[in-house]
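Note sheet for the following structure.
Note that the chains are named A, B, C, D, E and F in the order they appear, and that numbering of residues resets to 1 at the start of each chain.
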């Protein structure tokens, strides 16, 4: 099993680069950053399972990594799931803010992915009330672009572009506030686990399972999972009682 | 006949992919989504006949499908027909909203097609009162583009682009509201049929014909079909009495 | 003579496509649409003579056609002639609006041609008072473009673009209102002739000549023809007395 | 001498196309249009000498022509000279407006050339007070463009583009008003000469010299020629007394 | 020495073109234009030494020329030096305005160079207080462009573009006002020297040295040279006492 | 060791170009400019160590240089570190302003690098409160661009572009004010060291170490270093007591 896990890690995170020497400050930032992703993921129902957290540099540019159950076998994502995914992606940046009161360049890729999700929600999935069920953008087909020096001109007006910016900003900042709230609620546990990670360099399934039991999730009502059609909550959430459908864009209760 | 139907399905929806495993929540979303298209189509006069609904995944990306009578032998579409077509396309997204109070990424292609229709109505068919009988855009000729790296610059002003966005948004949201109203009016029938579809995975002509008889269409006056020149209603509508031509963009009565 | 006419029709409208089956509604729309062009052309002095109207589908995309005397041997067009040409082009769309209270996609090409004329009047011919004698645009030379991936950037400001949109819109809507007025003034004749056209599928010179005698043109003063320099009306108009030059953009008297 | 003149005409205006048949109205428009250029040129000091006016169609697209002394041996043009050149170019359009109260497509090339001059004055020669001595644009080098698919992006802001549009519009409309005023002041002479031109089809040097003596130029002070440095008027103007330098953009006295 | 000077002139200004015949007015404009550059250069401290002024046409497009000491061995330019350089470049245009009260197309290249300097000051050298030490633009690398059809899109907003236009306009117009003031202060000397230049066609070092002694520079305080760090004025200026650093963009005292 | 240092210098700054002759003023500007970088770097904790300062021209375009410890082995940069780096880069321009009251073109490259950092902070690293954790831009991949003539269109609205300009401007001007304050606080030391540098042309490690001991850093609280998670200040700063996390964008105490 260890061999198999190793193979997956090689694919996901690249070869170990033990000779890449981070200075002590960088190492601390990386530990809290990766743990930030993990704790937000464990606190939110319906997000991908975390298998391993490591601060051993690997591959190109990866200073640490968090391995979640792959999501390639999902065919649909609800708005709530995308919002939780955004919070997990911003967990690293939120950790830097909460712990150091200062942020670093380490979140660059996370921000790019979060922005891609938020833009797709607004421009392609019709998940913004302000912009509605209009497809303002299409998935790009890079294959065609290699033949045609076609410029994908923006088809909408400046005022719509401004509304898009506002919706994207709001989605991203709500997800960031959610990650911040989860980390602050679990601050002691967070500090304790980071100290362990800085010593062992890796957290595996058993430690992660223990961590999950200690984590305080979001208070009920802050963001409801997708209820089943018959009014019962879907089995993936594990919460005790169903919630009525919430208005979109409701901010967490903090 | 079954063979022939199968052949058409292979072309329309691709080969069956029974090994594509949706999780239970996804399967429920797909069933209500496809049935949403069907019920809106059955409730509106003059839309393409529905032949089959299935939630067996097929081809590339299709998680379910609804087969309507092809419309390639139509040469003209009236404004009212295009509006009904938009409502049918939005029936899937409307079903998710009505049933789950939450929407998913599953409507991406529907939104793109609806937007294409709305933009063509405003920019090419002169079907918006605000923009008038001006052709702001032309059908693209991709053949020419492969030779010329020509950029089709927008020929109109920002203020016109803003008006276009407003008209497109209004057309799409009216069609969405119409689909929502039809599904809410038929909610009990909708839930019952979805339960059946989740069991049998397919609805064929006989079931669909039965469904059609139970469905409550739009109340008279909410959106008139194209009357014949002599004042009598065209035979495709089946409604009892003619309606005077309606002002464009009149909202449904809900 | 019939052979010669046939040859011209083959060139103008393509080969007959009797196997293209329009549904009854489409056929009615096509008949009124084509007759709309014809009646507006017959009602306006100085427009091209109509030779034939047909609702037999031909060539690529032509569901019906109206053959007018070719205008290739004209070297100059006055502003008034271009405005009359626009009204004739919009006669089809106006017919759908007047008769069915509803418009179809059938006018797409007409709108594109009308828009081209209106834009050329404003951008290249200096025929808009608001924009003046400035050439904001030039006739494109596609031959050169095939070598240079040159992008013809708009050379004027957003505010000018907005004024251009306003002038183009105004020119098009005035021409549309003019076509509407002519068709409403001749509504009984219009219905009667359409019934005949739906039976015979074609109107030839004799029928068109008869039609011309029955048509009521625009009331005097609604749009003056180009007067001769000496103050007498040019012989093409056939009206009894000269009119003083009119202010540009005067709306019809309706 | 006739042979030599013929050779120049062949180069300037192309081969005679006597088989190009204009209808009577077009022929009248062409005669007044060409004579409009001539009369404005004869009325303004310091414009190129007119050698011949003809309404025999020639070359590609030329329905008539006015031959002026070539200006290739001029190395500098003053602002006043460019303004006079613009008035001459607009003389054709002005003639249509004055005589027919209606304009035609025949001025398309004139408008393009006038606009080029006005834009160069504002964007390259610093001849607009509002825009000042800034070079907003450069002369294009088409030779380089054939190698580089370089897009000459506008380097200035929307507000500057708006100011440019305003200056260009003002320069063009002032020149147009000037041409109108000259033609109205010489209306009887204009009509008489046009009648002759319609008969003879050509005006040669002797007739043009006679015409020049009868023409009433602009009233003194309406637009001053370039004074010599010592305060005396340059010999090209032929006016009796020097005028003080005028404020730019002063409108004609009409 | 004459041979050497001649060789430099051939390189700088091209071969003599004595057969290019300017008309008398053009010749006068060229003489005052070139002398304008010279007098402004002689009046301002720290500008390149003038070696020769000529109104013999040379090379392509040069109607006259002013040879200054080459500046290729300068590695740094201060803001004040760039402002003086702009005033010298605008000396030709200023001469036309002061002497003829009318400007010509002859300053086209000067305006382009002045604009390039002003834009570089604002966009690349951080020399505008309003725009600050931000590099809004980079020096273009034409070598790379020949491979990539890369479009250098403007990276800043419309409002910044508007501020840039304002700063560039202000820099250019201040330099123009400065040149005007110098020429007006030296008007009699200017006229006298121009008369000589029109006779001899060339001014050489001895005449230019004499001219320099007669010229009245800017009044003290109108634009200070770069002071040395220790508070004494740098030796290039020759002025008697140091001036405190001036606020940027202070207008000349006129 | 000298050989090794020489080799590094050859790589960093190019071969010595002793034959490049700066005039005395330029040499003084270069000395103060380079020393400006050094003094700001020595005054700020956590910036790269300065090894050598030289005013011997080297390589292409380098008139002087400052060698800092390479930073290629850093994997993360905090917001505070990037702000300090910007202040060091602007130290040269600040020196010109403080010492000469006038700036030169010598800071062009520094401004470009500072702007790149500020834009990355706002557009890619989410380090601006106004713009938030949205990735408005991505790192460009020039490799791909060489195949595709793809134009990287700005994906955000004009209003966002305006906000970006404001944030970039604010970041750059704060860093500039910080550099100015440090240089003014150390003015006497600055002048003394510059005099030495102008004599010896080079400052090496021993002189730089002495300089560091004399320099007055920023007053406590003006810009805190990254505190360690446990509340103690990281060892790189050398300051006596920890500071609470500061609000972003707090201006220095001057």
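To be clear about the criterion, a contact is a pair of C-beta atoms (placed from the backbone, for glycine too) under 8 Å apart; a residue touches a chain by one contact, two chains touch by 3 or more.
Keep in mind that what you see is a predicted model, and the values were worked out from it rather than measured.
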item	value
Interface sides of subunit D and subunit E: same vs different residues, half threshold	different
Subunit A and subunit C: spacing of chain centres that average the CA atoms, whole Å	59
Interchain centroid distance [CA atoms averaged], subunit C/subunit D, Å	34
Junction residues of subunit D - those touching two or more other chains	149, 151, 153, 158
Chain contact graph, described as a line, ring, star, complete graph or other shape	ring
Round-the-ring chain order [start: subunit A; next: subunit B]	A, B, C, D, E, F
Subunit D residues within the subunit C interface of the complex	20-23, 25-26, 28-30, 32, 57, 63, 90, 93, 99-108, 111-112, 114-115, 118-119, 145-146, 149, 151-154, 158, 161-162, 164-165, 168-169, 172-173, 176, 191, 194
Complex contacts: residues of subunit E adjacent to subunit F	73-80, 82, 124-127, 131-136, 138-139, 147-151, 153, 155-160, 226-229, 234-236, 244-246
